[in-house]
Each structure stands twice: as C-alpha cells, then as structure tokens.
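Heads up, the next two complexes both have chain A, just with different partners, chain B and then chain C.
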Partner chain A sequence: MTDPLPWLVVLPLAWASVAFLLGPGRGAVLAAFGVALQCALAFELAARVQAAGALRYAVGGWGSPLGIDWYVDGLAVLMLGLTQVVALPLLLYARSYFGHAGAAGRYFWPLAGFLIGGMNALFVSADLFNLYVTLEIVGLAAVGLVAAGGGAAQLAAALRYLFATLLGSGAFLLGVALIYGACGTVSIELLGPLLAGEAPRAVYVAVVLMSVGLFLKTALFPFHYWLPPAHGGAAVPVSALLSALVIKASFYLLLRLWLDIFAPLVQPLAWLPAVLGSAAILWGSWQAVRAEHLKLLVAWSTVAQIGYLFLAFPLLATQAAALDAVVFQTVSHALAKAAMFAATGVVIHVTGNDTVAGVAGVAQRLPLTLFAFALAGVTLMGLPPSGGFLAKWLLIDAALAEGAWPLVLVVLLGGLLAAWYVFRVLRQAFLLAPPTEVAVRAPRLMEWSALLLAAASVALGVRGIELARLIAPVGAS
Partner chain B sequence: MSTGMLFALVGALLFTMGAAGVALPGAPLRRIVAFNVMGSGALLVLVGLAQRGGGVDPVPQAMVLTGIVVAVAATALALALARRLGAPGARAASGDDD
Partner chain C sequence: MTPNEALPLAVLASSLLPGLLIFALPEERVGLRTTLNLLGAVAKVVLIAALLAGVAAGEEYGFRYRVLPGLDLVFRADALALLFVSLSALLWFFTTLYAIGYLESGPHRSRFFGFFSLCVTSTMGIAMAGNLFTFFVFYELLTLSTFPLVAHRGTPQAMRGATVYLAYTLLGGTVLLTGIVWLHSLAGHTDFAQGGFLGVLAAHHDATLRIIFVLLIAGVGVKAALVPLHGWLPQAMVAPAPVSALLHAVAVVKAGAFGVVRIVYEVYGVEFAQALGLLLPLAVIAAITIVWGSLRALFQDDLKKRLAFSTVSQVAYIVLGVALFGPVGTIGGLVHLVHQGIMKITLFFCAGNYAETLGIHKVSQMDGAGRRMPLTSLAFTVAALGMMGAPFTAGAVSKAWLADGARTAGMDWAVWVLSVSSLLNAAYFLPIAWRSWMRPGPRVWPQEHIAARGWRETPWLLLLPPLVTALATLLFGVFAHAAWSPLSWAQLIAQREYVP
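Up next, the complex of A and B:
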C-alpha cells in the first residue's frame, strides 16, 4: 500500500475542487466517500506511527532546506484521526441538514473540503512558514463557511471573524519573519538546538507575537470576542465543525510550539495561559448560564471549554499527566461539542425556535436527541465515565502533585457552572409543552449522528488508554 | 545599521500601524486597507532582516511571494464580504463608510 500521508492532504482538496465544479449544493456524496476514505487512511497512518515511530515525508521528493517537509508523530496522527472521525458524522449530518435548509448550503461542500485539507496539512507541517500558510487556508475556509449562510448578521459575524483571524495570522507571520531573520531557518527540527541555548532577543519578541496570534485564533479569553457571534450565528454543521475542530487546529500549533522549540523560552510565562484559561472558564460558563439562545449557549460553552486546554500549561514541563489531560480534553471536547451542536440543530429544526425557553416539551418529542445532548453535557461537566472526566481528573491530579490548588478550584467550579447551563436546557426540555399544530419529523440521520458523536465522547473515558499510548513518545521526549 | 535593518524597522512600524487599524473599530474598507499595510510590514521585515549576510537570500523572497498570494486571497474574501454587507438591506452596517 502507498504512503497514506500525502493522500490525507490531497484527497480533501481533490473532492472539494470537484464539488465546487459540480456546482452549488452538489458534492455531498463525494464528500462522505472522501472523508470515509480519509478515516481509513488516518487509522493506517496511526498504525504505522505506532509501529515505526515518527515519520518524515518530503513533499514531491524535495528535501528540507528547499522543499516542504512533513513530520508526523503521535500527537499529529491523533489530531489527524480526530479530525476525520469527527468530520465524517458531521458531513452525514450536514447532508441531511442542508437538504432542508436550501440556499444556506450552496458552498458548504467545497469549503468544508478545503477546511479539512488545510487542517490535515497544518497537523503535519514541519516548518513555521508552511504552518502560517495552512493557518490561513483554515482561517479563510472557516470564514467562508460562516458567511455562506448569507444573512446580514452572519456576514457581519464572518467579517469580524475574518479580521480577528487575519490579525492572529499576521502576528504569527511577523514572528516567523523575526525568527528567520535571527536564526536563518524556519524548520522546527533545525530551530530546536538553535533556540535551546542563548536565543537572540528578537526571538523572544517572535515567541510573544506568535503566541498572542494563536491565542487570538484559538479564542482564548480575552480574545474570544469573535467566537460567540461566529459560532452561534453560522449554520449548525458549520458551528459544529468550527467549535469542534478549527479552534483545535490553532491550539495544536500552540501546544506543539510550546512543548517543542519554545519550551526553553516560555517557562517563566507558562502561568499566563493558565490565568487566561481560568478567566475563560468562569466568564464563558457564566455567559452560557445567562444565554437566551440555544446556539449562543453552546458557543459560550466552547469559550469556557477552551479554558481547560490552557490550564495545564504551567504543569506541562514537570507533570507527564498534564499532556494527557490536554489531549483528552481536546478529543472529548471535539466529540462532545460536535454532538451538542448537532443535537441543538435537530431541536431547532423540529421546534423552529432557537431560544432556551423554546426547548420545552422536547423530552417527549425528541428523546433520542435530548439523550445525545445530555451525554455531551456529561462530558462537558466532566462526570464519570466520560472523556471529559478523565481529562479533568488527570488535570486535577497533575495540579495537586504540583501544589497548584487554585487550578483545582477552577476546574471544580467550572464543572459546577457547566452543570448549571446543561441542566438549564434539560430541565426546560422536560417541561410539558402546549400541543403543537404541525409536527415536524426529525431526520433520522441527524439524530443518530448526534448520538454517535455524544456516545463516542463518553466512551472515550473507558477506552482512553489507546490514546495515551499513541502520544506517549511525545510526552517522553 | 544596514539598509536591510532599515527595511526591517520600517516594516515593524508599518505592521504596528496596520495592526492597530485592523484591531480598532472602523469602516470595513478602512480595516481591509489596514490589513494590507500590516501584511506588507511583516513581509518587509522578512526580506529586510534576511539581507544581513550580504548576498541575496532567495528563501525569504519565495516566502514573500507566497505571503502576497495569501494576502490577495484574504483581501478578495474581505472585500466580497464587505460588499455583500454594504448591499441594500444591510446598509446600516456600513453607513459610516466614506
């Protein structure tokens, strides 16, 4: 069998281009087949990485100094697998969703393909400039997806998102320029030893610029201002893709840089992400508790859950469990948030109402969807045996070992607040609703893909050991 | 202080001005122009700093070309969005545009 790695990048770009040529609204079947194939490729790649360790691939046969190098280790292959596994049910969901929503889905398929292709390329890129280009591909495709809905509010949210993402990648680019000027290379492999010793002052400026740019793109508090309108206003499959995967792409990059080449430089700064993350958890959860609209509630919950990703940063250098916690939080939040948006979409489709108050009576009409929503909620709250529980448990464990009890407090408080906003929806759902005039049937495919994602986020807590084994080489180095 | 360093300093200045223009509230068109100023600043730093060795380094020039392509694509998307937003029905959003 040929090397699966290049196909993971080429395949989504290929089906996206064909979907674009087929014309507006076409290409759903193609996309589903493409992503199913990519899932198989990602698993094949994971097996190879597990057997032979990290892989290196020279694009087009051109080597490192002149050509583009790709590098896949456990963390990269985990993100590749996660992206394809979350995207597959979401694309099936989108096929059913846009079948009903008409014009909104006209350019969904090509843009989704470019988005996935861009993310796959980002996960495997091994030099800073190439990472910048893939960041831009992901950002522009995501903005296009938000705008594709076409309403004035969506366009305004898309423009706001565009300026935020351009500002973030602009700062990243200036950082790359400074690093190239100081070190004469952008290859992560070559930069490692150069930055380990006495780094020039320009590199410190670059580290700050690149980190802030990525904070902005990951929507870490207080740079989260663009997220709720963009994720809350877009079409449901788009919100799910953005909340579950796109913010994880820039986060992955940040994690990779801080773990690897920036590690000797950022040690005194490591508490900063944790402080911002704590503020994100408290503020985001509180806004979710107060939100009137269902999709805004889920979007604010994303702001809060991003905070957990950053809490572990001061512990990464000393506690091996901290990296596991970050990875489990990434995976379980991706699955749970995709499920929660998907379930929300079914509720809005059936009730025709996107307020929290409008959920009343859903327990009788959509038991399956509500079950999916509740399961995703279990993960977000961090109740056992979900993946979210495992992530928070590992995080608390690492924080206690380090004596960082404020982090423990924030995790516990965040869990309580998450329970508050999840139960707000569930309580409303169990209220008896006045009998409705027209009963809209929920599409099967949408209900089941939401449930599948939610169940996966809970099951992760039981089968987490495989993931831990996959990233183990990264943690050791 | 070589010409390269001068380029880099001017680039840093342009980047700061542009970033402020993008970050601060304003008419969409103004912010799109500011984004282009910001991007040019970053690319100027890239070529400026890399010239220190004396000879011409082709790698940053290739990067700058790629960066320009990315900036053109982003500008096109931003202009399309701003135009749609300014179309009848959404005029209030760009009313302060002059």
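Up next, the complex of A and C:
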C-alpha cells in the first residue's frame, strides 16, 4: 500500500475543489466518501507510527533546509486521527442539516475540505514557516465557514473572528521572521540545538509573539472574546467543527513548540498558561451557567474547557501524566463538544427555540438527542466513565504529585460548575411541557451522529489505553 | 477468561443489558419490557446464588481490566461484596415487581425501567469494586442514574428534590475524588486488601492520612446521609415509591454506608484506623446522626418524610457498628446493612400502597387504615416493630450485637445512644400503628383510587413485595443463627477481616 500521509493532505483539498464544482448535493456525498477514506488512511498511518516510531518525510525529495519537511510522531498522528474521526459524523450531520440546497450549504463543503486539509498539513509540518501557512489556511477557511451563514450577526461575528485570527497569525509570522533572522533557519529539527544554549534576545521576543498569537487563536482567556459570538452564531455543523477541532489545531502547535524547541526558554513562564487557564475555566463556566441561549452556553463551555488544556503546562516538564491528561482532554472534549453542538442543533431544529427555557419537554420529544447531550455533558463534567474523567484524574494526580493544590481546586471547581450548566439544561428538559401543535420530526441521521460522537467520548473512558500508548515514548510499555 | 472472572461480570451484565434494551423499547411494549425486567432480576439472583456457594467454599472471584497504566478497573466478589450484592439483588427483584404494579399506567416507563436497571448495575459495581477507583466510577454512575428517577414525575417539586439530591451528591463525589486521587498518588494504587493497605505508609504520612480519611468519609457520608450531610434525603422523598425504596434500601444510602465499611476495613484497616485515632470521631458522628435523625422523625407529619429521617438514623447504626473497634460491633454493623434494608423497604412499599390506594400521605390521615388495608398495615407494623428492635425481629438481632459490640469496645455511652434511639423509634412508629389499628377510619378517604374487593385491598403486585419483606424481617430475627441468615454471613466476613 502506498504511503497514507500525502493523501491525508491532498485528498481533502481535492474533494473540496470538486465539491465546489459539483454543488452541494453531490458535493456532500463526495465529501463524506473523502473523509471516510481519510479515516482509514489515518488509522493506517497510526499503525505505522506505532510499529516504527516517528516518521520523517522530505516532500519532493529536497529535505531541509531547502525543501518542505513533514514529521509524524504519536501526537501528530493522534491529532490526524481525531480530526478525521470527528469530521466524518459531523459531515454526515451537515448533509442532513443543510438539506440539498441553500447558500450556506453551497459554501460549506468546499470550505470544510480546505479546513480539514489545512489542519492535516498543520499537524505534520516540521518547519515554522510552513506552520504559519497552514495556520493561515485553517483560519481563513474557518472565517469563511462562519460567514457562510449569511446573517448580519454571523457576518459581524465572522469579521471579529477574522480580525482575531489575522492578528494571531500576524504575530506568529513576526515571530517566525525574528527567529529566521536570529538563527538562519525555520526548521524545527535544526532550531532545537540552536535554541537550547544561549538564545539571542530577538528569540525571546519571538517566543512571546508566537505564543500570544497562538493564545489568541486558541481563545485562551482573556483572548477568548471572539469565540462565543463566532461559535454561538455560526451554523451548527460549523460551530461543532470549530469548537471541536479548529481551536485544537492552534493549541497543538503551541503544545508542540513549548514541549520541543521553546522548552528551554519558557520554563520560568510555565505558570502563565495555567493561571490564564484557571481564569478561563472559572469565567467560561460562569458565563455558561448564566447564558440564556443554548448555543451560547455550549460556546462558553468551550472557553472553559480550553482552560483545562493549559492547566497542565507547569506540570509537563516533570510529570508524564500531564501530557496524557492534555491528550485525553483534547480528544474527549473534541468528541463531546461536537456531540453537544450536534444535539443542540437537533433540539433547535425541532423546537424552533434556541433558549435554555425552550428545552422544556425535550425529554419526552427527543429522548435520543437528550441522551446524547447528557452523555457529552458527563464528559465535560469529568464524571466517570468518560474520557473527560480520565483527563481530570490524570491532571489531579499530576498536580498532587507536584503539590500544586491551586490547580487541583480549579479542576474540581470547574467540574462542579460544568455540572451546574449541564444540569441546567437537563433539568429544564425533564420539565413537563404543554403539548405542541406542530410536530417537526427530528432527522434520524442528525440524532444518531450526535449520539455516536457522545458515546465515543464516554467509551474513551473505558478504552483509552491505545491513546496513552500512542504518545508514550518509544520503548516504554 | 475463566469462569471465576466471568461470573462477577455476568452479575453486572444481568441488569445492564436488559436496561439498555429497555431504553430502546417503545412505550407500549409492556409485555416485552416486563419479561426483560424479570428475566434480568431472576438471572441475577441465580448468578449470585452460585457466587454465594462458591465464596462460602473458599473460591475467589475477580476480574481486572487495565484502563490506563497504573489505573485498573477491578471487580472482586468477596464475602463482604456478596453481602451487599445479595441484599440489593433480592430487593431489586421485589422492587421491580412493585414498580411494575405501581407504574402500570404512568408515562415514560421505558425511561424509568432503563435507568432503574442502570441504577442497580451501579450498585452491583459499587459492591464488587476491588479498588477505590472502581468504587468511585460506579458511585458517580449511581448518582447519574438515580437523577432521572428522582426527577421522573417532571413536576417543579420533583425537580427541586432532584436538584437538591444532585447538588449534595456531586459535591460529595468531588470531595471523595480528591481523597481517592490523593491516596492514589501516595500509595500508587487503591486496591482493597483485607486489613487495609496503608499500614506501610504509616509514620511518614499520619497527618495526611487523617485528612484523606476525613475527605473519603465526607464523600461517602453524603450518600450515607450522615449528619450534617443528610439534607438531600428528606427532599428526595418526592420521588415515586419504588424509587424511594431504591434510595433508602437497595442502592443509594447503602452505597454510602458500604463505602464506610470498605474504607475503614480494607483501605485503612481497622487496627490502623484505631491507631490513627479515627474511629472514635466516626462513632461520635454516627451517634449524633442516630439521635438527630430520630428526633427529627418525631416531628414529621408527612409519612414518607418521617420514614426518610428514620433512614438517616438507622443507616448510622451501620456506621456505628463499623466504628466500634472489635469483631462484635463489626458483625452488628454488617448485619444491620441487610436488616435495615429489608425493614425500610417494607415501610416504603407500604407507604406507597397507602398513597396509591387511599391517597394517604400524612401520619394524621392514617386513622383506620389498618381495617381498610389489613395486610399492608400488618407488614408495616412488623417492619416498624423491627425498627424499634422488638423481640423476634431482625432489628432486635442488629441492636443486640451492636450493644454487645459497644460494651466489648469499652464504649458504654454508645449503648445509651442505642437505647435512646429505640425509645425515639417507638415514639414515632407506635402512634402510626395505633392510629391505623385502633382509631376508626374516616367516612371518605383522601383519594380512594382502588376500591376494596374482598381481601384484595390493593393489586397483588403492590401487596406481595411488602408481605415477603415483612416475613423476612421475622425470619431473619427468629432464625438468626441458621446457616443461611445474614448474621451467619456477617460472622463469616468478620472472621476473615479480623483473622486474615
């Protein structure tokens, strides 16, 4: 069999272009087939990485420092797999959501293809400039997806989002330029030893610029201002893609850099992300508790859940469990948040009401969807058995081993606040509602793709050991 | 997988699979749903009978599954687990019968019975958990699966009760999690062991281990309704009667009390807990709970609320027995785990019958209920006498062993607590019995749903379960020393716990 990696990048770009020509109807079918194939490719790649360790590619046979380098290790292949696995049910969901026509549906398929292709390239790029390019592709495709909704509020949110994402990648590019000026290379492999010793001052400035740029793109508190309107306002499949996957792409990049070439420089700063993450958890959860609109509640929950990812930063250097915690949180949040947005979409579609108060009676009308919402909620609350619970356990374990009690308290408090906003919806759903006159039927495909994603996020809590193995250092069992 | 590994999993599956299937059933498939329910309940009882025979003969049943490196799901069906498992499985069987009768005409039965089965599955998991990690997983699962049951009716009142329940249990769960992870990071594992596994950590971590003990006990104390963590229990009585039975006898408070047993005996070890000076404070809290619960019960006019406060008091007997240092107290506490369940479930079944048949919800409406519903009232009276510790009932056995245990442990004040509690029990139960048998009934019952037809005062599905459990209350009292009695089994556990 040929090498799966190039196809993972080429395939989405290919079906995106053809889908644009075919139009939304056949384009959707093509996209679904494309992503299904990508899923298989990602698993094949994971098996190869598992067997042979990290792989390095010289695209076009040039190799660094001249050509483009790709580098795939456990973490990268995990993100590749996650992206395809979450995208597949979401695209099926979107096919049902957009129906066969409509302006929003028309642009969704090509833009989603560029988004996925961009992310796949980002996960494997091995030099800073390439990373910038992929980051920009992902950002622009994401803005396009938000704007494709076409409403005035969506356009305003998209503009805000565009501004944030351009500012973020601008800062990143400036940092890349400074590093290139100081070190003469942008290859991560070559930069490693260069930055390990005495680094020039420009490099420190670059590290700050790039990190802040990525904080902004990941919507870490206090750079989260663009996220709730963008994720809360976009079409449901778009919100799900953005909340579940897109912010994880910039986070992945940040994690990569901080773990690898920036590690010697950022050690004294490692507490900063944790402090911002704590603020994100508390503020985001509180806003979710107060939110009146369902989608906004889910979007604010994303702001909070991102915080957990950053909480582990001061522990990464010494505690192996911290990286596991980050990975479990990334994967389980991606699955659960996609499921939650999807379930929310079904509820809004059927009740025609997007407020929390309008959920009353959903327990009777949409038991399957409510079940999906609840399962996703279990993961977000970090209750067992779920991937979110394992993430929480690992994080507390690592924090306790370091004696970092404030982190433990934030994690526990965050879990309780999450329970508050999740059960706010669930208890409303259980209330008896007056019988409705018009019965809108819930599309089967939408209900089941939401349930599938939610069930996967819970199943991760029982069958997650493969993830831990994938990112474990070679040689460890 | 060997049969000895598969059997505990089969016990879990015998309620999990029917539960999942029931979720998928349409509302009107009454026959199939009932078949699934009963099939699961019977299968579980049969499987547990096999386990009981095996464990009595010295077999070991267990299953280990690696979730993450250093983190295992462990199931172990030891003697202590089986005490709780067989209680829950038997009572589940009768509660299922009762619930089928009770909810026959109600809405959302698939949802109800689905969560009902999940709830029992969680209880089995709690009972057979082989380490604190597994215990916690199922402990939280129990919270999640009981919430929809308490909220079942969907009225604002039910939602309030369910929300209070959730707030208490989730906070308790958070505290418990803190303690468990802390212990895990100190000891590297959380596997239960006879005689405890923390002895090796002594000397270096005494202070830390004391704090962790407080966290763990506070965490399980919420479900065990120890004062001052008991506030949810009287609120949750808005739930339908079968759910109350589940909360008070089969699953929830029992899970809390069982957690106390595991933590004291198999995490800390009773000697080590005594050496750390942890048992006396626990006994004091239990004593306060016993007296406070009884006092509050005295002033409740709402029948189910009175029973709820009685549960607060009675479950603390188990904790008291555990905290009395010595095998006699242990036996008293463990046997009360079973006895309290059987007696309290009888009382809640009867309270449900009064409400369903005649619309009686308050003690003050009980006048003459005995003449209208003699069989229900007979069961109620037997169970109430048992709660007071009257001779020839299961309650008398528990109280005798507890009092003996207190004396051998040199804690004579606990004997006084037990006597005061018995007096208070009599003070809040006897007036109910008096009213129902001696006072003339009203001309019109508050809300008579079911007319009397000969001796069939109410549908037999509602009548049979309380009669059986009331009979068990008598049998376990009279034949306390038979080989099959809960007392003998508790003695077996105590023997293995103290003579490892």
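Here, the second predicted complex is superposed on the first by the 465 of 477 C-alpha atoms of A that agree within 3 Å, B and C clash if a C-alpha of one lies under 4 Å from a C-alpha of the other, contacts with A are read in each partner's own complex, and residues count from 1 in each chain.
Please note the rule applied: a contact is a pair of C-beta atoms (placed from the backbone, for glycine too) under 8 Å apart; a residue touches a chain by one contact, two chains touch by 3 or more.
The structure displayed is predicted, hence computed values, not measured ones.
Using the contact criterion defined above for the overlaid structures, shared-chain residue A:A401 touches chain C, although it does not reach chain B.
Once chain A of one complex is fitted onto chain A of the other, the partner contacts of A:A455 are absent, as it touches neither chain B nor chain C.
In the superposition on chain A, A:A419 contacts chain C only, with no contact to chain B. When the two structures are aligned on the shared chain, A:A54 is found in touch with neither chain B nor chain C. When the two structures are aligned on the shared chain, A:G170 is found in touch with chain B, with no touch to chain C.
Look at A:F129: by the touch rule set out above, it reaches chain B but stays clear of chain C.
Across the two superposed structures, the residue set of chain A contacted by chain B and also by chain C is empty. Residues 324, 363-364, 367, 371, 378, 383-385, 389-390, 392-394, 396-397, 400-401, 408, 412, 415-416, 419, 423, 426-427, 430-432, 461-462, 464-465, 468, 477 of chain A touch chain C in their complex. Those residues of chain C whose C-beta lies close enough to touch chain A in the complex are 23, 66-69, 71, 73, 107-108, 111, 136-137, 140-141, 143-144, 147-148, 151, 154-156, 159, 162-163, 166, 170-171, 173-174, 177-178, 181-182, 184-185. Residues 8, 11-12, 15, 18-19, 22-23, 28, 31, 35, 38-39, 41-43, 45-46, 48-50, 52, 59-60, 63, 66-67, 70, 73-74, 77-78, 81-82, 84-85, 89-90, 93 of chain B are the ones touching chain A in the complex. The residues of chain A lying in touch with chain B in their complex are 66, 129, 132-133, 136, 140, 143-144, 147, 150, 152, 155-156, 158-159, 162-163, 166-167, 170-171, 173-174, 176-178, 180-182, 184, 186, 202.
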